[in-house]
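Next up: the structures, one after another.
Two complexes, one shared chain (chain A), two partners (chain B, chain C).
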Partner chain A sequence: MIPILLIMLLLPFAGILLAGIIDKWANYIASLIGLLEIVLFIYAAHIYMSSGPFSESFYFIPGVANFELIVNNLNIVFLFLTTIVFFASYLSNGFFIKEERSSYNMLNMLAQSTVLGMFLSGNLLILYLFWDVSIILFFFILFHFGGLDRRYASIKFALYSLFSGSLLLIGIIMIYFYLPMHSFEISYLMSHGYQIPINLQLAIFILLMISFLIKIPSFPLHSWAPDAYSEATPGGAMLLAGVVSKFGIYGMLILFLSLPIARSYSFEVASIFAISALYGSIVALSQKNIKRMLAYLSISEMGIIGFAVSTFNVIGISGAIFGSLSHALIISLLFMLVFLIEKVFGTSMLNRLNNVIVQYPLIGYSFLFGILATIGLPLTTGFITDLLVLIGGDKSFGLLILLPAAAIILNAAYLLWTYERSFLVGENMEIYDFVDENAKAAIALLVLFIIIIGVMPSILLNMVGTL
Partner chain B sequence: MIPAPFILLPLIIALPLAGLLKNGKSVAYVSVGASFISLAMLPFISQGPLQINWFSVGPFQFSLVTNVSTLNYILLFLVLLLSPFIYIYSIGYFKNRVEYKRYYLEMLSFTTAMALFSIAGNFISLFVAWEFLSITSYLLIGFWYRKKSASRAARKALTIVFIGDIALLASIAIIWNAYGTLTFANLISIPKVASLLLLIAIFTKSAQFPFNEWLPDAMEGPVPVSAYLHSTTMVKAGVFIAILLFPLFARSNVLSYFTIFGITTASIATLNALKETHIKRILAYSTVQELGLMLSAIGIGAIGAALYFFFAQAFYKALLFFSSGIMIEANENENINSIYGLKRNRLIYISTLFGVLALAGFIPFDGFFSSVSISSSFSSNLVAYTIISLISIGTSFFIFRWLFAVSKDTKNKNISLSYITQPKSMVFTTAFLSILLLLASIVFFYFGSLGYMLSLRYEEAVIETILVALGFAISYMVYVKEKIVVSNRLLESLVYNSRLFNILYEWSAKFVYFISDGAGMLDLYINDMFDWLGHATILIGNFARKIENGDISFYALIIVLSFIAMSALVLFA
Partner chain C sequence: MISLFYALILAIAAMFVLNSVARILGNKKIELAISLIFTSLISAVIALMLSEGYSGIHAQFIKLNEFSLLLSLAVSLGMILIHLISFREREYADFSILSMFSFIGMLLVIMSNSIVTIFIGLALLTVPTVFSLFLNSKWVEAGVKYFIVTALSAGLFAFGAAMLFASSGSLQIAEQSYDIGNFVAFLLLFASIAIESGIFPFNLWVPDVYQKSPAFITSMLGGLNKKIGLIALIFVSLIIFPYASKGMLAIFSILTMFYGNIAALVQKNVKRMLAYSSISQVGYILIGLSTLSNYGIASSIYQIFSHMFAFIGLFAIVMLMEAQGRHEISDYVGLNKENKIAAFTVAIMLLSMIGMPFTAGFIGKFMLFSSAVASNMAWLAIIGIINTVISVYYYAKLIIAVYTNKAEARPIIISPSLATAAVISLVIVLILGIYPSLLFGLAQGAASAI
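Moving on to the complex of A and B:
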């Protein structure tokens, strides 16, 4: 039996070695690694579909934890979105990153390994290790390669994330000590979580929820996100908004399915997320910079997904998992496009951008597609997400769904307004750069997957199954 | 027999085909061909429901259901019958404009969406079609997006319609949770909240008060698009759903809203149309008014009358838009006061006259029967009946004003020449539509006398004729003989409330923006608060650093003091 999951985890290291040796081809190597990861994922998904969840266990810390990697119905979609978004970001790096290619791509590949490790890990200790290491890696991606205000943004990101990581660590240690068999294993936690004393469950729940709220990011702990997203590199923004924000959702899924206390506080959590969804869209409306607008859009959408997790029913949770994928694909497409716009036209400020669609139809039409997918065009992933989230939300919370529904409407309103002002009308602008094949391939990849999965959502929904 | 979804196939196949073609004209021909093939398939489609499983979540199955009942068939027939006309007309209309390809691609998707909508058998397929309609109409209204007003109108339309889309989605969620099914045939009743949300969806789509202003603005789109939008597609979708789901609305006691909002909208739209001078906007207000009348008829249970109107309105509205397109092209102007010489082209003039007479409700045109059937159904309610009678007079008044304005003569040779040299595809489709209108009128005449689905009473018919004639007479006196002078100021203050609505919208938009600005400030404060946490940490650090000053005697003092403090604690605790 080939340890496919371990290969998935270690493959980027081969890429790192190669990229270190052949400096010039660093980007091609990274793209190749990204492609191979998708192939490996498809193979793993094939095994999962034919013979159910499986795991690989390796010797790690005797008596405490094994190095266990798993594939089950919770993490498989997250693995999928990780491989896709990373591949797209590698492709786009070929266009965006012209200097220090090898070190940037090496950092990215390392990040892919840790992110995959985070989603693959079968016990909480390894999960925490990968969670924290990935923060450091993204800190360096931001700190060294980011935009003008990168120092401020990256340190803020690191402080927030490390704080969230430390809360996670405390929570994990508490879980370890109060589980009857003293175990870090996620499967054991999910089956025996109810045996933790109820007041300790509450403490763990609060600690972990704060940690996840920061990571998702959700109001009122979101203020690292707009800075980090808009100051990051294009690939960094795609990954932070598309993939890293899903850490919190994945953690919430595990938490909600293991601690019974979560069920009694689900309405409060749902309200926080519903408010966060509405808040994100209201703040986004008045933003002057499209990047920051997209950051708040992301906060709003993550609020909707978090809301779906807290519904606690099959449709809602399936909607959350599917929505994570949908959001990852769409927001990374939008972020990449806005960075392309910045590169091509020299600005991403709303009032300076004019008439993009005529001067650069590729960007204009792709951005329109991204907007329409965001607001839930049928046959894209956005529609399935909206449908499942609203059904699940109504099942658990009744008319509380009107808050996320209002957020969806507002998102549509300001995105269309932005599109009108900056993409459709006005004078022509100067063009500084031309989009090359790498970026085109990345756009095509994301658009293709948004449509394919939107038309055939059962591919993924069957993997999630009945939970 | 062909399964119902196959009727979409020619249109769907034509999409990539048209996309691949280079030559604009051939794109047009492919689209026209596809629309004809779909129309030809219509008689052979099989009745009854058909289910296609789409995806499942856990134990729950979501599927696309199509259904062909009489109602569905009527709408499908209208859509597919008028599509070839619109497509052929567009060939001429886009002759001097280069964007055949984009236009036909968007049109094909629009038709596909509308055809899917007409055979929708459950809420999932309904929503898919509904949302595609919204988005393709956005693309079509904003077709000339370089024009600021066009992109603005398109955005306004989609923003308002999207409110309804999400309301529809929310009501779908509620219905699903209440009954576990989304198929129309299996639903017996729906929760009241769901029906209210559906009501919002219908009102946004069919441009009813208070969402009535996007439709007149949508006149920024190309003429054939307006003709299509107003005759069979898009705005008719809302009314159609109201007819299709009538039993569900009836059981949740929301019908009176249809009547109240419908009549309000109809009155507002009629008032607006009286003073409007844009050739297409007058027709647009007339559409809003007609939709309001249909919905108000549905509200009192007069389904037959509404359906009658629904069918009749399609032909003359498309016809009037077609002829107004020709007038705009000939005069290169869209203001009725600057449009001249309709009589220069007799064929167009007579066709237009038929359309006008039908819209005003002259016997024996189909418009007459439909308005009589509407007003008859209100005969028991004196207030509503009075309002509808006034609306009848107003309709006849503004549409004859429209006709008198555009048919005034001109000495300008260029205009008369350009009437004659209009593309044949435009002229002949217009003429052919007027023949279709006459055919429909004949059919209606027989059905009317047979008392099919509704009862037309003679006294109602006489009253209607008098009202229409009255409107015509006033219009004639005011605008042709100029015997009666209407005080403009009075009219404007009373009538020109369209501006009022726009101000209302702008204010609400500004209000949201204001809140958003406030929230943006709040967000900065939250950010600052967390930044201050950082600063506070530095301050504490700076203070704590002073303790570590390297002075051994100071350390000794601390040690002694702490020792005393601890002993005190131990002793007293």
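Moving on to the complex of A and C:
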């Protein structure tokens, strides 16, 4: 049998070699790799749908951990969003990055390999390995290629993320030693997590939750995110907001499904996320830079998804997984459009933008679509997410759903208001005509998936199953 | 049929004689060739002995088993790199012979079966290093400082060994036993070794000497001499005084880690910063030793390997920069534009010292911290991880400098010998990180052999 998951993991390295040899074509090679990864994912999903979860295991540290890759109902959606968002970011790179293309694309491909490895790993140690390496890669993407204030933003990002990684490492080592049969395997943790002594469970839970709150990012520990998102490269912002923030959600899913203590503290966790959702919306209201506004929008949306995980019922968790996909597609679309706006109009300050929809209709209408999808337009993925999250939340926490619901309404209000001010009204009637086929293709790809999955959510919800 | 042990002795002797002849002829290239050929031969013989599971005691004072063979292998590989690094220097002709003495000293310490062998080995290791610091008048300050501390260390060791002999009537390591009467002997031996390997508070000489020495001698001091001190510590504290040393090593480990990391935060000179970083690395290694478990010792051995190659490989590049008069962290700005391999080597070696996954440093630190948790000392692991987070700041400072762009950057060319050393250590660090089972089983076997 072909080790398809290992090929998925190693394919970017072939791209890196090729891009190193023929650096003129680095963009095309990266896009090709992105496309091949989608094809491989579809093949893996086909195997998964026809014969259930499967895994591949290789030799790593004998007696401690195997190099195990899995596909199951938890990670399949995350793999899907990773391949799509990476493909879109590769497509847009050609338009945005003009210098040192080959090294930028090589870094991105390496990042794709680590992100896929993180979601594929069936073993906590391997998960940590990829988690930590991806931090370094994104640090370099930010630091070497980012915007004007990149130095500050990238160092802040690295310090926060490495701290989160260290907490994760302590948690993982504690899990290893306090499981009855010392093991790093996620499946073993899920089936035997309840055997860890209760006070140690609490310690592990707190350590890991802090680590995930940083990574998601959620309210008290989010301050790296607006800087990092707004100073990153377009591709970097798409990946950080769309994919890397899902690390925390994925970790939370594993944590909630394995340690019983999580259930008894789920109300507290849900409150943190609900406050985070509302906080993100309120802070986004006062932003003058559209990039920072989107960053806070992302924090608010991630708060809603985190809230959905902590409901801990089938509908809520399906909502969280589905919402992760929806958020990844929508926020990466929005970030790409905002960076296009900055590139075309030379600014991303809201008060300097006007009448975008006349000047550049493609950006204007796509942005409108992105906003509508965010606030839950029916037939887009946003609608399904909001529906599942609110139903699930109501089942578990009752009236606490008023906070995320308020955040959703507030998001709708300021997004539409912003759109009206900066996109619809104004005197500037000059028409820009930037044509970049690849960027257009990336926009089309994301819009297409938002609609397809919004119309037929059963494609994904079937994969997730009943958990 | 000649046994492998005699082959080893013969190789060492032949290396020494031939190298002396080459020195008299005055040909640096022949000297390098002889050193490389014979060091590789010695490594090959040791690897062969290791694969055959050779073990035995020779003449009461040399003991070969998995532990000593594995570490001898590491030291010989490190020595090959040192020869490659130092080849371009004017002083190489003399340094080559002096380092050979040091090499024999290292092997003696590693293979020692009696206290006296450790003592002779340490002296044979340090005295030639002092002499090589006297080869150039610019290094004399470092030489004098190193001479004073090593003399003090030797004195303490001799005194401690004498007290041990007085209490047990024997010099064999295996025949010593702990009683309250020879606790003072333990303290003396510990202080002596702590000076050698830079354990807080006996490490005040380390930054000065490392900074003022030339890069190739610093790489030997930090990459090899320090590790030999730690191996002597394994013999003294883990075999002779296990009960006395458990809590003590943990405390010294914490102090050493914090001292090294916090002092390194404010350094501007690269070599001085790396000196403090190597102090903190000793602290991490002590975590594994303080658990007194097989797994802990195995993890210490792994970390000794990983730091040895990371340190020596990094100093290949420090050597390159030093030749251009670039000493400060700010001088490293733009290295990526000037030479991609050098920049990549610096980045990977520093990431390995931080403990980034897929480098040898991660597996080492992971094993160290998990050995602490396994011995119910989770607090020690947590302190170790806090230190790792602190250390990110100063390692990242250098990585950032290397990858910051500079306005005018002219390509630098690395000499082939330096490039070889850098690439070899790069490959070792990455392989030990990606495929740890290569060394993991050997380290565990070595730990259970002592």
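Rule of thumb we're sticking to: the second predicted complex is superposed on the first by the 461 of 467 C-alpha atoms of A that agree within 3 Å, B and C clash if a C-alpha of one lies under 4 Å from a C-alpha of the other, contacts with A are read in each partner's own complex, and residues count from 1 in each chain.
Going forward, a contact is a pair of C-beta atoms (placed from the backbone, for glycine too) under 8 Å apart; a residue touches a chain by one contact, two chains touch by 3 or more.
Values in this document were obtained by computation on a predicted structure and should not be read as measured data.
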With the two complexes overlaid on their shared chain, look at chain A and say whether chain B and chain C clash or fit.
fit
Is A:I384 touching the first partner chain B, the second partner chain C, both, or neither of them?
first
Looking at the overlay, what does A:S223 touch: chain B (first), chain C (second), both, or neither?
first
For A:N354, using the defined touch cut-off, is the partner it touches chain B, chain C, both, or neither? Pick first, second, both or neither.
neither
Looking at chain A, does chain B or chain C touch a larger number of its residues?
B
Between chain B (first) and chain C (second), which does A:N73 come into contact with in this model arrangement: first, second, both, or neither?
neither
Rounding in steps of 10 degrees, give the angle chain B-chain A-chain C taken between C-alpha centres.
160
Contacts for A:Y128 in the overlay, against chain B (first) and chain C (second): which applies, first, second, both or neither?
second
Return first, second, both or neither, reflecting whether A:L162 touches chain B, chain C, both chains, or no partner chain.
second
Looking at the overlay, what does A:I170 touch: chain B (first), chain C (second), both, or neither?
second
After superposing the two complexes, find the smallest distance in angstrom between C-alpha atoms of chain B and C-alpha atoms of chain C.
5
Output the chain A positions appearing in both contact lists, the one against chain B and the one against chain C.
159
Within their complex, chain A touches chain C through residues 59-62, 64, 125, 128-130, 132-133, 136, 140, 143-144, 151, 155, 158-159, 162-163, 166, 169-170, 173-174, 176-177
Which of the residues in chain C come into contact with chain A in the complex?
351, 356-358, 362-363, 366, 369-370, 373-374, 378, 381-382, 385-386, 388-389, 392-393, 396, 400, 403, 436-437, 440-441
Write out the stretch or stretches of chain B touching chain A in their complex.
54-60, 62, 124, 127-128, 131-132, 135, 138, 142, 145-148, 151-152, 154-155, 158-159, 162-163, 165-167, 169-170, 172-174, 176-177, 193, 512-513, 515-517, 519-520, 522-523, 526-527, 530, 534
Listed in rising order, the residues of chain A that touch chain B in the complex are 156, 159-160, 220, 223, 279, 282-287, 314-315, 318-319, 355, 357-358, 372, 375-379, 383-384, 386-388, 390-391, 393-395, 399, 401-402, 405, 408-410, 412-413, 416-417, 419-420, 424-425, 456-458, 461-462, 464-467
